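Same chain, two partners: chain A is paired with chain B first, then with chain C.
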Partner chain A sequence: MRMSKIVRTGACILYPLIIVFGLYVVVHGHLTPGGGFQGGAVIATAAALVLVAFSHADIAGMVRKIVFSAQESLGLLLFIGAGILGLLAGAPFFANILANSGLLFGLAVPPGSNPGDLNTAGVIPIMNIAVGVEVWGGLAIILMYLFSATGGEGA
Partner chain B sequence: MIEFLIQVAVIGGLIASAILVYSFRDLLAAALAGGFFSFLVSLEFYILQAPDVAISQAAIGAGLTTAIFIIAIRSTTRFEEETP
Partner chain C sequence: MIPPFVIENSPALMVIVPFVAAFIAPFSGRVAPALRALVVGGAMAITSAITLLLASDVYAHGTRLYVFGAQAATLAVPPDSGGIPVRIMFTVDPMSALMLVITAISAFAVVLYSLTSERHHSGLGSYYTLFLLMVTGILGMVSTGDIFNFFVFLEILSIASAGLIAFRIDGGVAVEAAIKYFVLSTIGALAILFAIGIYYGEYNALNMALIAQRMQFTLLDQLALVLIIAALAMKCGAVPMHFWTPDAYSMAPSSITALLVVASQASLYGLFRTVFSLYNIALNAACVGWLIIILGVLSMVVGVTMAIPQKNVKRLMAYHAISQTGYMLLGVGVGLAVLGNQPLLDAFGYMAMEGGIFHIINHAMYKGLLFLTAGAIFFRIGTYDLNKMGGLGHSMKWTMIFFIIGALAIAGIPPFNGFASKLMIYESVFAFNPVLSVIAMVVSILTLASFVKVFHSIFMGPVLPEYKDVREVPRPMLAGMGILALVVILFGIFPSLVVETLVAPAAHALADQGMYIAAVIGGGV
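Now for the complex of A and B:
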């Protein structure tokens, strides 16, 4: 059973906007309220919106469950990789070796009051992105298994 | 003073939506009233200066939980039967 055409069109319009807002929350995790978990949950809400609006056959044609499963594993590997990066540089586990180094996310924090520079804080944005990808995949695959177990059909 | 009035309005909305969840026979309307309850809780978190928790509550409580309820209602029946 699929919802009416108004619901489906509204879901298709809102889907990219919700994903862009969720990615904003994830990427600005070290500057503004929010972070990996909150942004990932917001993006999973977009997946829930599409699951509610479309029928089971439509969803089966759009995406497969193995994609979200692989995405969840990719997020966890990225998080562990960010920790081992410190070990490879001869520092402790999860040492913030990228901060103030001039590399990725490596600029120094400007002194005084300022609106915040995205290109700072070293390993912390990478960990935020990893947690965001992992929560996105995890919550989406919970919803997809629930949706396929109930068959998406009924009264 | 204005903040006190806003909090009184939010708590009144919380009580009203909780009573609506209990009294609706239409389960889809009850699930949406539960989503509105979570939205008001998220607004109260924001007023109490916890925007981090407010984003989590809005995404998990108002978004995902309502979606799970709607998926479950679509698989079963929409209207609650009269209890004998």
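Now for the complex of A and C:
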């Protein structure tokens, strides 16, 4: 089921660009439209692209499904961990204790209209990243299973 | 003795612990299956302990709020929000606490049982992930105070359940049952989402207490009520929408079926919560009350009559589960029908509601027990077909005793718990409408007849040659059944104690909408 060389080369060129764009959507989730789920879905389209351009057997030879499933679980654990941070600081679950703290993503949001600062919003970007990682892994593994049915017949 | 941190954060911890364990379980299973058993069993034990702790705290000190992401867990209404509770919160009142008790006991017994019964199956990593997610879904559904959050937990529960129903593929039959369940659940969930959209558009609120306070019972609210009743009555298996229940209950592994019973009760809780806490006397109580009574009577009669001819022991029990759900709908429906009429409510309304609610907890215990015994029989002889069974009483003595306890409890024979709650329902419903009470008693007799037949065909008779090597199931499975059997007996011997401490506060909390609203809106300002 391998497609022509032109398609495969094109896919290889687009692959990193799609991933970078997806990561951008994930990381800027608290500033621009989109967020963890949307960015993760964009990244998963990169996986879909190479799966279409190459064959399932090619991709399965490079990455094992267990990697994606581990990524999925780790993403969810990171999300819960971000929620537990609040508990550890003596606040309720999911409390945003990193916001305005000066630590990671901890700058205060400047008042008035401004271009937006990545280093703000506390645990929200961490949760976006967690969801992005999880959706990436989850959708990729679904695609791998769907494409595994296409192996065998054809070229 | 117990650190105050745990008590303060118990509503969050009871969801966090199974959720984290759900995603650690697949990793630990790669290291060693024994480690996974330890993680899953330990997490479930901790979850049950926290849940019971929270429930006892609620019974002692009244409704507990837990506001996620706030500065303080009890700060329902932030000072700068203009008096509107904007955050997601858990509102655990005595009715929720009762459901928490049910979930804690059943889920712990089930986990103890399934660690042994499923030991030899493949795919256990995802089995326990989905199992723990199911527990999370149930716990979240019964404690949330935010109606959109209710939908989210309902979806977590539905997706996890669908995966587990299909766990034993069984030549595709289990997958078919799971797809049926999943499609119906999705339709139901969409109906609920539509209703939530109506509330949000109308009242600008997702918090149940705030919606309740602003409730005007317009035409749109009536539409939303119909959608929610239809969807949740379907999820709990009430009769015109019961057709997924026999398939799903019979094809799921037995330990999962026992938990699916609890999941159905959680949907029933959602139905009661909507009708009582969201609408209360705003709706035409007699009309909706009768609607629920009719659903209940239909479920009782159709369920039991469909159960009698079944050959598959789990399908038979599933139809009995439908029939028993009817009792709960009947009891609480009678309470609803006289809501707003204080003399009648005092005369028999509260008692009917208490009977219905008491039956929820009793049913979860004895029906869970019966499904676990069916699973124990399948574990040893590999079939659910009643025609192929016989003479197992010689070798599986403990299973037989547990089956007798469950069967007598479901038929409403003293001194087991089913008798206590059914008697309350008969007495109070008789004061409301004698015909309904007579129907309920006839259904009980048919239930007894059906279980006598089942008991005879499974356990009585000479030892069959093909089953002469059958042994009793391993001890952990017996322990899981034993916990439920013990609860069945204790609740049957001390019913008044249970009703006074657990059930009556729940029924009053359900009927008293003002208290529910005040706990949230009046709490933080």
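The rule is simple: the second predicted complex is superposed on the first by the 150 of 155 C-alpha atoms of A that agree within 3 Å, B and C clash if a C-alpha of one lies under 4 Å from a C-alpha of the other, contacts with A are read in each partner's own complex, and residues count from 1 in each chain.
In this section, a contact is a pair of C-beta atoms (placed from the backbone, for glycine too) under 8 Å apart; a residue touches a chain by one contact, two chains touch by 3 or more.
All values reported here derive from a predicted model rather than from experimental measurement.
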Touched partner set for A:G86, first chain B, second chain C, both or neither: second
Between chain B and chain C, more extensive residue contact with chain A: B
Chain B versus chain C as contact partner of A:F147, first or second or both or neither: first
First, second, both or neither for A:F54, with chain B first and chain C second: neither
Partner chain(s) touched by A:W136 [first = chain B, second = chain C, both, neither]: neither
First (chain B), second (chain C), both or neither touched by A:S69: second
Which of chain B and chain C A:G34 touches, first, second, both or neither: first
Footprint overlap on chain A, where chain B in one structure and chain C in the other make contact: none
Touching residues (chain side chain B, partner chain A) in the complex: 51-52, 55-56, 59-60, 63-64, 67-68, 70-72, 74-78
Residues on chain A engaged by chain C in the complex (per definition of touch): 69-70, 73, 76-77, 80, 83-84, 86-87, 91-96
Chain A residues within the chain B interface of the complex: 1, 25, 33-35, 37-38, 41-42, 44-45, 48-49, 51-52, 139, 143, 146-147, 150-155
Residues of chain C defined as touching chain A within the complex: 9, 12, 16, 19-20, 23-24, 26-27, 66-73
